[in-house]
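The structure's right below; bear with me while I get my questions together.
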Amino acid sequence: MSGTWGSKIKLSIFGESHGAGIGIVIDGIKPGFKIDKDYIMYQMKRRAPGDGKFSTTRKENDEFEIMSGIFNGRTTGTPICAVIRNENTKSKDYEKTKNLMRPGHADYTGYIKYEGFNDYRGGGHFSGRLTAPIVFVGALCRKILYDKNIVIGSHIKSIKDVNDRSFDISDDSLNVKKVEGLSKQEFPVLDSSVREKMQNTILNAKKDGDSVGGIVEAAVVNLPAGIGDPFFDSIESKLSHILFSIPAVKGVEFGAGFDITRMLGSEANDEYYMTKDKSVSTYTNNNGGILGGISNGMPLIFKVAIKPTPSIAKVQRTVDIDKKENESIEIKGRHDPCIVVRALPVIESAAAIAIMDLL
Amino acid sequence: MSGTWGSKIKLSIFGESHGAGIGIVIDGIKPGFKIDKDYIMYQMKRRAPGDGKFSTTRKENDEFEIMSGIFNGRTTGTPICAVIRNENTKSKDYEKTKNLMRPGHADYTGYIKYEGFNDYRGGGHFSGRLTAPIVFVGALCRKILYDKNIVIGSHIKSIKDVNDRSFDISDDSLNVKKVEGLSKQEFPVLDSSVREKMQNTILNAKKDGDSVGGIVEAAVVNLPAGIGDPFFDSIESKLSHILFSIPAVKGVEFGAGFDITRMLGSEANDEYYMTKDKSVSTYTNNNGGILGGISNGMPLIFKVAIKPTPSIAKVQRTVDIDKKENESIEIKGRHDPCIVVRALPVIESAAAIAIMDLL
Amino acid sequence: MSGTWGSKIKLSIFGESHGAGIGIVIDGIKPGFKIDKDYIMYQMKRRAPGDGKFSTTRKENDEFEIMSGIFNGRTTGTPICAVIRNENTKSKDYEKTKNLMRPGHADYTGYIKYEGFNDYRGGGHFSGRLTAPIVFVGALCRKILYDKNIVIGSHIKSIKDVNDRSFDISDDSLNVKKVEGLSKQEFPVLDSSVREKMQNTILNAKKDGDSVGGIVEAAVVNLPAGIGDPFFDSIESKLSHILFSIPAVKGVEFGAGFDITRMLGSEANDEYYMTKDKSVSTYTNNNGGILGGISNGMPLIFKVAIKPTPSIAKVQRTVDIDKKENESIEIKGRHDPCIVVRALPVIESAAAIAIMDLL
Amino acid sequence: MSGTWGSKIKLSIFGESHGAGIGIVIDGIKPGFKIDKDYIMYQMKRRAPGDGKFSTTRKENDEFEIMSGIFNGRTTGTPICAVIRNENTKSKDYEKTKNLMRPGHADYTGYIKYEGFNDYRGGGHFSGRLTAPIVFVGALCRKILYDKNIVIGSHIKSIKDVNDRSFDISDDSLNVKKVEGLSKQEFPVLDSSVREKMQNTILNAKKDGDSVGGIVEAAVVNLPAGIGDPFFDSIESKLSHILFSIPAVKGVEFGAGFDITRMLGSEANDEYYMTKDKSVSTYTNNNGGILGGISNGMPLIFKVAIKPTPSIAKVQRTVDIDKKENESIEIKGRHDPCIVVRALPVIESAAAIAIMDLL
């Protein structure tokens, strides 16, 4: 069991890629909050496949129906359920290959866990499609956080071995406007000179029937100090819990992350100073805005490793789970050569949800 | 609030560094399980400061008293509570410096969160001392897992910029005996030629009144396929949740982790084959034994980034939170120049606990 | 927040009487369980208004759509979501009276809690209609329990002051067939001679524009000994928690319940004996099959007090919440003169759900 | 598993009657709250056996040690753990009778659930002694509620068939002073003329080696409107959940409870009126201050059925669980002929805890 999450808010996610629909229930949202459907649709569109240049050309219906919890355009305070119906789901295609376990996918682990009863079509419950309801809830939460001036943004830190620069506490890339503006870029990077190289890396992989991954760096600005807990609900714990539920995420780090292990304590420690208006600030932000699991008022910074899309056109070695024989598989269809761009709104949503649960 | 964790088992942790004592309640352990006190003490000793060469020379009392849940040497099935009393706690020392926020510590975030009412002595509830109850529970869980042939071990992957090699699916470092044997090394590495260089790195930092961090790599072998869940309780989610509650952890990655983002899909995907005895295996293990949040039967591999100990002897810039003025601080006392070695049993314990909760 | 419940299974309920729809997500049901739609519809029909003789003549659409978690007619092991769409919802009617707080309803408490943003139409989220998803899940659970030979049934113990006899451990009314058979009665009583008197009591109240309540007595037979927990998840705790969420429930008692307070200890204690096949039994069942929160293998017996339907045709004194003035209200429409009969499958479902969560 | 409870606060209870000690962890209490040890001890004393006239003459040590979460006499905001050590526990006595299942006790159900590994001495984890930590936490919560002017009190509604009158909305027995004052009575009743008859009923049972039970009626005054939730966390759900974990509780009802089933809707509905200061009130309080699971600002009223103490001196029929034979048992020792008086502070505490969790 796994479909519920949260303490102060509760999520309950459901659905399979080729079932009747997917959706989510969110409980714990205060009454009276005005729903901005355009904003939700805008965020969901960022996750949608797009024009197919860097993503699949497959069309996905992401139109959501709100079943409950909204009345006269405002939250009622009771559970909100949103459903996204599945359409044009060619199920027959999957029958033939259902026993061939796609490498890098959850076909085999799902088969074992659910004793062969899982819906194998299009990845079933493991489908990346399940991130659409996350973006729905994320958009809701982001608007609520925005009213508190808490803003979340992210950029593509790397595609394969092409790197963007990182957020830097000393420049202005971390002000509200800039962070927010990132989501208006179709391919958000801090250093625009790396964009084309990143895109070419994706297109080359696509041409070869292969795929690439990358790293997303996200920032939450204006998170007040004092949010989060020590054992067991640190900001890092809450955030990583939900991030590591997102398909393809294999690493999460905060602040300088793994790089902090190569610093001396005297370099890593973020020394304090009083600002002119007598608030506490730090000279550096190696701890990513978190100490003892609790926010210190500096920007919350984290990075997420996204593995290359497991669906590739190349022939791969696998097994037939029914016949218990070695086999080869060639995955047909329109695949994402890279899901990093589409992952951005999902990661930002996860952050918004985790923060809502801690506030 | 944060002190409870878990679904199938429930932990409830409590205590401050200089209060009456620290401890933990664990509920959900099956009745009839024989308690091995020696094994528990052995694991707790690994976490204890040791002879002080690479760690603090401060003595910590780690003797635990079992208050409940054990009868005639076996678990009763009711909640187990273990208490570790604090001793020789020189509280007076802390009075003078209580308003000086130590950089890299949770002094400031704790002050804000708890509105100045937190126990500031020795880090209070944020103290690394709180990891002792985690090791107690971890030892309990490890013994239970051991009966199912599930074994956990870890080694020091790096100290600052000195690197050990990684677990390699193709060599024998991942068999039960070897993994288990790691904990018998005082300073566990896979490639013994790097040990001295690592130790010198620590000693040099110590000499300079500075500190270093590092990376721990852990392996869980013989975890059966089918454990874990997709949204929201993937193995990665559960494990990272508890790992990121451990003080000083700033990054967690599974399998190839951040490195997988630099591979092509065709390299990253772990292709399958049937073994002679008709079980499913993979040629590589870039996914660290987890797909779709669920174990696939391969070794579960993860790495944890430990930041340099924030307590250093060097003078640091900080603020006086009461006077709201800039200040400098020089932290006296016997500090750990590096806590990576002591972190190993804590990380292994966290893994054991997370797995117990998923089984 | 309140919409989620459970440990081993998780429910997430949503919906308003006059919104797009109502529904439920249930997580934690094992894969491979065959869905019996006819059985579910049969149970839902028992809860539906019926022919209107003893209930409202209002038509309610109880057709459910399964959105997820079922594949090829069997559970997949992933969250199951069922949605029931609302139809013919004449919302305009409610506009005029929305500020008049109906006595005995949740209009006022909902208004305060949700700060006036709640959906007031037809009771909104407080509507008895929300019990339909409970019956859906209950039917699922009952079938699973039935495979373990655990059977749940209930009868009308009283309507106003007309009483049926109670389950008696010494007669055969507690065998599987009899308990199960109860649900086949349209108006289930143990002593059929009281049926007509009960029905006349309802019809008289209806004629007077008034309403009546009653007591439901339920039995769970073949529940194995050893289910449930002491602090804090006793069978009584779990069961009462969910029963007291059902609208109109004002009392819950187990075994002899409040009557046990009038016995001597020597009368109340259920003495033990060994049966011929060396299993443990009791001579009496004053404790209703539960000791220390745990089942003892005897039939689990409990009673539930259902208050008279608050919707009555008589003029009642109330307030206008907007104008802050005294007012009178005459509730128009087709009301249930008594909801006890319709409550039976809901109570049985609640029991099935609570037991599923404890097994 | 069962030892944890709560959402906004989290309890974790542990201990056995004859183990090293019993205790509780409570998390989620705000920092800065001043601890009133005298008040806690006063409440714990109410639960303690007393002078033995109406209760056991057994001495119980109820001295608690606060292990954590309190600093300089105030809550720190981190988990509070209190431990009560067990003393003078004559364990040998229990060895001889451990296979004889005491009727009305949890010996048999505990034996089955914990597979014979439970601590059988003095009821082990099922002991009424476990209510001491509940009173500890309850006293903490009551003081916090008291600062919000929310006051809890209770009286003995009945002992066996001797009845006190009920709280009446129209008299002054429900004002803060009177409700609070109840706990200052050693044997709290509303109508003092019934006290002696009740006490004689207890003494007669004692003389006969028998026991009696009774009903406790409790009131919470000044609970603001808007507290609680519909599905699944109604006030009734939360409160009954914790009440039904208290040993010996067999029934819980709110407001008129089971009696409401014998009223007409027009009698049962609590009609509204505006008070002079324009607040909403009701003429009657049959719903006990709760509608739709949410408080309406009227006094919260509930009754709890306490069964006769199962420990009686009379010979009873039972089984030897080891030999699987019929046996007789004569329970030696100093028993409570009635635990209703001692149950009052426990029930009030449970109410305080449930309300704290909902506020």
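To keep things simple, chains are lettered A, B, C and D as they appear, and every chain counts its residues starting from 1.
Following the convention adopted for this analysis, a contact is a pair of C-beta atoms (placed from the backbone, for glycine too) under 8 Å apart; a residue touches a chain by one contact, two chains touch by 3 or more.
Given the structure is predicted, the values throughout are model-derived calculations rather than measurements.
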item: Selected pair, greater C-beta contact count between B-C and C-D; value: C-D
item: Most distant chain from chain C, judged by the mean position of its C-alpha atoms; value: B
item: Separation of mean Cα positions, chain C and chain A [Å, integer]; value: 40
item: Interchain centroid distance [CA atoms averaged], chain C/chain D, Å; value: 26
item: Separation of mean Cα positions, chain C and chain B [Å, integer]; value: 47
item: Multi-chain contact sites of chain D, meaning residues that touch two or more partners; value: 1-4, 7, 13, 78, 113, 125, 230
item: Residues on chain D engaged by chain C in the complex (per definition of touch); value: 1-5, 7, 11, 13, 101, 103-106, 108-110, 112-113, 125-126, 130, 158, 160-161, 205, 210-215, 225-234, 236-238, 240-242, 244-245, 247, 249-258, 260-274, 278, 280, 282-283, 286-288, 290-297, 303, 305-312, 314, 316-319, 321, 324-326
item: Residues of chain A that touch chain C when the two form their complex; value: 1-4, 8-10, 12-16, 19-23, 25, 27-28, 31-32, 65-71, 74-81, 83, 113-119, 124-125
item: Parts of chain C lying in touch with chain B, wherever the complex brings them together; value: 7, 78, 230
